[in-house]
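Two complexes come next, and they have one chain in common, chain A, joined by chain B in the first and chain C in the second.
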Partner chain A sequence: MRDRHLKYALLLPAFLIVMVTTFYPLAYSFATSFREWKLARQREPQGFVGFDNYTRAFTDEHFLGSLQTTAIFVVSSVVATVFLSVLLALLLRRTGSLHTFTRIIIILPFAMSPALIGVSYRFMFNPEFGVLAKGIGAVAPALKDIAWLADPSYAMVVLVLTDVWHWTPYMTFMCMGGLAAVPRATEEAALIDGASNMRAFIDIVLPQMRNVILVVAVLKTIFALKMFDQVVTLTGGGPGRSTETLAYFVFNAGFKWFDMGYASALAYFLTAIMMVVSIWYVRLLLQDRKMATA
Partner chain B sequence: MKQTKLMWLLEQLTLVLVCIIALFPIVWMFLTAFKNGRDAYDLSLIFTPTLDNFFTVFRAPWNLGSMLMNSVIVAVSTVMISVPAAALAAYSFSRFQLRAKKTMFFAVIATQFIPAVVIVLPFFIMFRNIGLLDTTYALIVVNVAIVTPFVIWMIKGFIDAIPLDSEEAAMMDGASRLRVIRDIVLPMAAPGILTSAIFCFILTWNEFLFALILTRREAVTLPVGLVSFRTERGDLWELMSAAGVMITVPIFIMAMLIQKHFTRGMTAGAVK
Partner chain C sequence: MKVSFGVAVAFGLAANAAFAGTLSDGKPHNGASLKVLAVKSSQFEAHEARLADFTNRTGIKVSYTYIPFPNMREALTAEMIGGTGDYDVVTIMDQWVAGMEMLVSPINDGISKHKIDLANYPKAHLEQGRIKGNLVGLPVRGHVQLLFYRADLLKKNSLQPPTTWPQVVSVSKTLAEKENIAGIALPYGKLSGQNLMVWYNLLWGRGGALFDAKGKPAFNTEAGIAATQEYIGFLNKEKITPAGAAGFVEQDAVNSFKQGNSAMLPVWWWVRSQLTDAKQSKLTEDQVGFAPLPSYDGKGSTTYTNTWIFGVNDKSKKKAAAMEFLSWLTDPSLEKDVLLDPKQNEVVAVQFSNLRDAEVNKRWGGMHAAAAKALETAPPMVYGEDWPQVAEVLENMMSSLASGAKTDVKSTLDAAAAEISKFRK
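For the complex of A and B:
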């Protein structure tokens, strides 16, 4: 077989898999988003209702609430993760046996199942016998009587915490990759000239890390928008609806209220947000590559 | 001099703290798994370890054995289907000029950014219509869908790093392209492909959303099984922890096996 045909033949299996398993469902839920379909009562999709499912969302206070919850979650989680991973990457770029050990150890939180992370944090933040709830109370008596997961704001704090704990390792490795590309010579020269560590970092290293930090931030935004497992296993969206993110809201619309049309429309809101962020991400990468080859 | 010594100490202490933060939830879960029901609600570190929980979870009504089996079937099948297909596609993406290559590659990457909830709705309907709800087949199909683009991306990164020389030399000697792939590229890319396969396994093994929606009783996997330890009598933490240990141990062993490639592999996809 000639290369001319072979190169497409090699692509074929993967191409078919992606087509059948991704593009078909996408098209299907797009079509469903314009129809009425209460799965509990109607086995087949009913008539077309135009944009009703979409306009309905804007008058649905729970949808708007979930948008707000998602925004709070995404911003806190991204800011905390980026900040911690830059710090950790700086710390870990030096050599030393403890450094190597830490680099290996931090793989574990990343490899752990997010559903299980939710479960184990729920256990540790139990007000009566949770080791972290008790531990925090012992260190800071002011926080002793907090019922972490029964309070809307604190439940969100714990939810963000699980996500930061899970993703910081991965983002740290990405930052380390970016740091490795920063030449040390300028920084060392500045240090010899008497600049403090802090100054050298802010003036010399940080500007050169700008691109990596952006990539990490955007990528983390995407992962945070997709986050779902811990909402189910940690808070169940509660207390009340305080941790009901958009992904969880779509899930409820589809599989608790069995409103397939509405759920599909909601899912497309989420997809639209993701697409905007993703396009931004891809453009960043292309820019980055241009700079690398220039 | 004194100051640098102090800095050094501070740095070591920070690292120790990082390790403690990373390990604590895991260690606590492992400890709880070996406690009896009463000790699980006690913060004391002194307790008589017991293996009871690990036996209990395998008995009715928990039946963790069948969930474990389902998890293994789904994860292994997903790897067996998606990794070979992805490896071929990755080679093609890496080595050939393709028409609309950028668009195709972008399409592959874009699928990564589609939220799983969007895909699972139509799959739920589809599997209901053909009677595949609550089967491992359904889970394999959706997992392959999610994982394949990611694996293509990862393996491409590894193949890109292989120099062209030996391939070209073999072609000059008259070897066919398929032979070159089989005899030269695959052996050289083997560590990368293995790393990708393990990644794929971990993603599938930990997958929760699809399993939650598409299974009910027969095809439940381990992560979803965790939820069943929430009963009317409250959460049975010691059993949950035992199940957690069983979810975690295989993954941790694999992650440690490929530890050297792991950091490179897991970031290769995202930055390349």
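For the complex of A and C:
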């Protein structure tokens, strides 16, 4: 009996911290999303406005535009990151001092702050003195005079590039973990039987990495949906609104326009999208386990 | 009798050791303590270093809390929403003032009591402290734009610094041809409305305005369309800007000038010290000249301004003592003392008496006289509570035109005006 009470007593501090730091802000912002609160005029949230803040979003062309931009960014970023992560994991699978060294230094981009990455890439793509802008121009003269961050399409390419550069190392390590669990014997048997490396990878390795790739894809999707830092420091959402992601749009509504009711409603759209992705992921995993135990 | 400049400065400094602000007799607030919430700035640190004078004369102790610029608006908002009166005096940037109405208290009576000379302030700075007819703060830090140019290249090619925007084009083309250098470094990219700061001057110079007397958008009139076509034309028609200027923010434009890639740069005056700093610039003192921003034939020079006001927190329990501090802080002799302090590299001045002062202009090469000239005719910007949203619409409009995502100036301006009209009440 005393043990049971002790158990709850030990859990209590963590429970309180989670309540105060997570559930209370979530509940407060949810309530705010149904109220009017213009921070420049009102110290506290005002009367309830029903679903006005939510319905307003559907008639806000810039919100819909940011949804479209976010979708383009998420798809490009997730596909590129997953592809490169699997590729790098396969390349780094071998043993040897060079591979060990590469495995160590490859994590460096992930150690950098996303805001700093944005600032650094902004310098590197400066058309006058940026090392990448000059380098690309030297290798491919057709791209020499491109002002990368001044063109809506190229700016999105650079934004995706910085995000992929940042996340690929971490996702590569996850894939390497998944790859380590794949028994080498099956693959080697297939190779002895005459299968090509590609065939062995597609038919033997890839199916066994399915769960890891799924985790990588879902996590990367969630991180990509929250893309904010590089937008601020690299493109400022521009040119025009061409790289204005949903997270950046929510920030502007809340902390630039001081429209906290609307910003809270927008934040819940973002939360809803992430919940849908998470639920889909959990269902896929559960489905997989059922199949494995059947 | 000939008095050397050094002796004159020393005499001036000694005379200013106690600042002559009109402070109350008899130390009525002796023992009071004031807290100031200020943005991080070397100018304010210089004021803080001189606080002993104020404390000696009033018995009031003052402590500063500095916040870096990127976090300042959040800090002020927290103070306003919290309503605790933790700080007695607050510094607010011009664009935020209208949205901080709940934070600050009118100081009209205090200004009269302390006989603060409002005529000594340029309107472009002073009006930034006014909400609904009441002054809620006084300017202490303010910036103007100047046209910096490559004095060596202009002299070599027998060119005069341009005084009109059409001259900017002709000078740029001559220098591009003869010196293989971009004419003028302008920022067209997105960052805190920087791509609008030169455009405002073209708009005003052509007789246009952002808003009409009723607060309705007026930048899509004929004058606004012509100004925008000209401004975008520098980039894509005249091609007098550096490569990639369509994505430049202000610092990129400054870097372009510092690296010797551009011949002219319209920018804030405080950038002056960077332009010839050997650690970051290829240029030397004799290569850089400055002039008021260009305008149009027969029109006075204009400048967009940036102003920081000091106001009294509405929730402060020591408002009279805080006003006493404002009186001391805004004394012209304090500003002059910092400007002439040889240990400081502080150019900022907001009072005409110092902008036109011979000693100040001798130390800073006449930059303040040029600023005073521009400020005499500079129209004050009117920022409403919705300014951050307005600026965002305008900034996106300019960025879209510069990037080529939109090409028709009139329809783009009309669309921006319609969008602003939707949320502007």
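We adopt the following convention: the second predicted complex is superposed on the first by the 279 of 294 C-alpha atoms of A that agree within 3 Å, B and C clash if a C-alpha of one lies under 4 Å from a C-alpha of the other, contacts with A are read in each partner's own complex, and residues count from 1 in each chain.
Keep in mind that, in the parts below, a residue touches a chain if its C-beta (ideal position, glycine included) is under 8 Å from a C-beta of that chain, and two chains touch if they have at least 3 such contacts.
Just so we're clear, the structure is a prediction, and the values are computed from it rather than from any experiment.
Overlay on chain A: chain B and chain C clash in the combined arrangement. By the touch criterion stated above, A:A267 is placed in contact with chain B alone, chain C being left untouched. In the superposed pair of complexes, A:L143 makes contact with neither chain B nor chain C. In the superposed model, A:T102 lies in contact with chain B only, and not with chain C.
By the touch criterion stated above, A:A180 is placed in contact with neither chain B nor chain C. In the superposed model, A:A189 lies in contact with neither chain B nor chain C. Within the superposed three-chain model, A:P239 lies in touch with chain C and out of touch with chain B [touch as defined at top]. Judged by the touch definition given at the top, the superposed model places A:R41 against chain C, while chain B stays out of reach. By the touch criterion defined above, A:F255 lies against chain B and chain C together after alignment on the C-alpha atoms of chain A. Touched residues of chain A were counted for both chain B and chain C, and B has more of them. In the superposition on chain A, A:F129 makes contact with both chain B and chain C.
Note: residues 128-129, 255 of chain A belong to the chain B contact set and to the chain C contact set alike, using the contact criterion stated above.
Listed in rising order, the residues of chain A touching chain C in the complex are 39-41, 43, 126-129, 133, 145, 147-152, 155, 235-242, 252, 255-258.
Listed in rising order, the residues of chain C touching chain A in the complex are 73-74, 77, 80-81, 83, 98-102, 188-191, 242-247, 249, 252, 255-256, 259, 261, 385-386, 388-389, 392, 396, 399-400, 402-406. Of all residues in chain A, only 1, 3, 6-8, 10-11, 13-15, 17-18, 20-22, 24-26, 28-29, 32, 88, 91, 94, 98-99, 101-117, 119-124, 128-129, 131, 134, 165, 169-170, 173-174, 176-177, 215, 219, 222, 225-226, 228-229, 232-233, 247, 250-251, 254-255, 260, 263-264, 267-268, 270-271, 274-275, 277-278, 281-282, 285 touch chain B in the complex they form.
Looking at the complex, you find that chain B touches chain A at residues 11-12, 14-16, 18-19, 21-23, 25-26, 28-29, 32, 41-43, 81-82, 84-86, 88-89, 91-93, 95-96, 98, 104, 106-111, 113-126, 141-142, 144-145, 148-149, 152, 176-178, 202, 205-206, 208-209, 212-213, 223-224, 226-227, 235, 237, 240-241, 244, 247-248, 251-252, 254-256, 259, 262-263, 266-267, 270-271.
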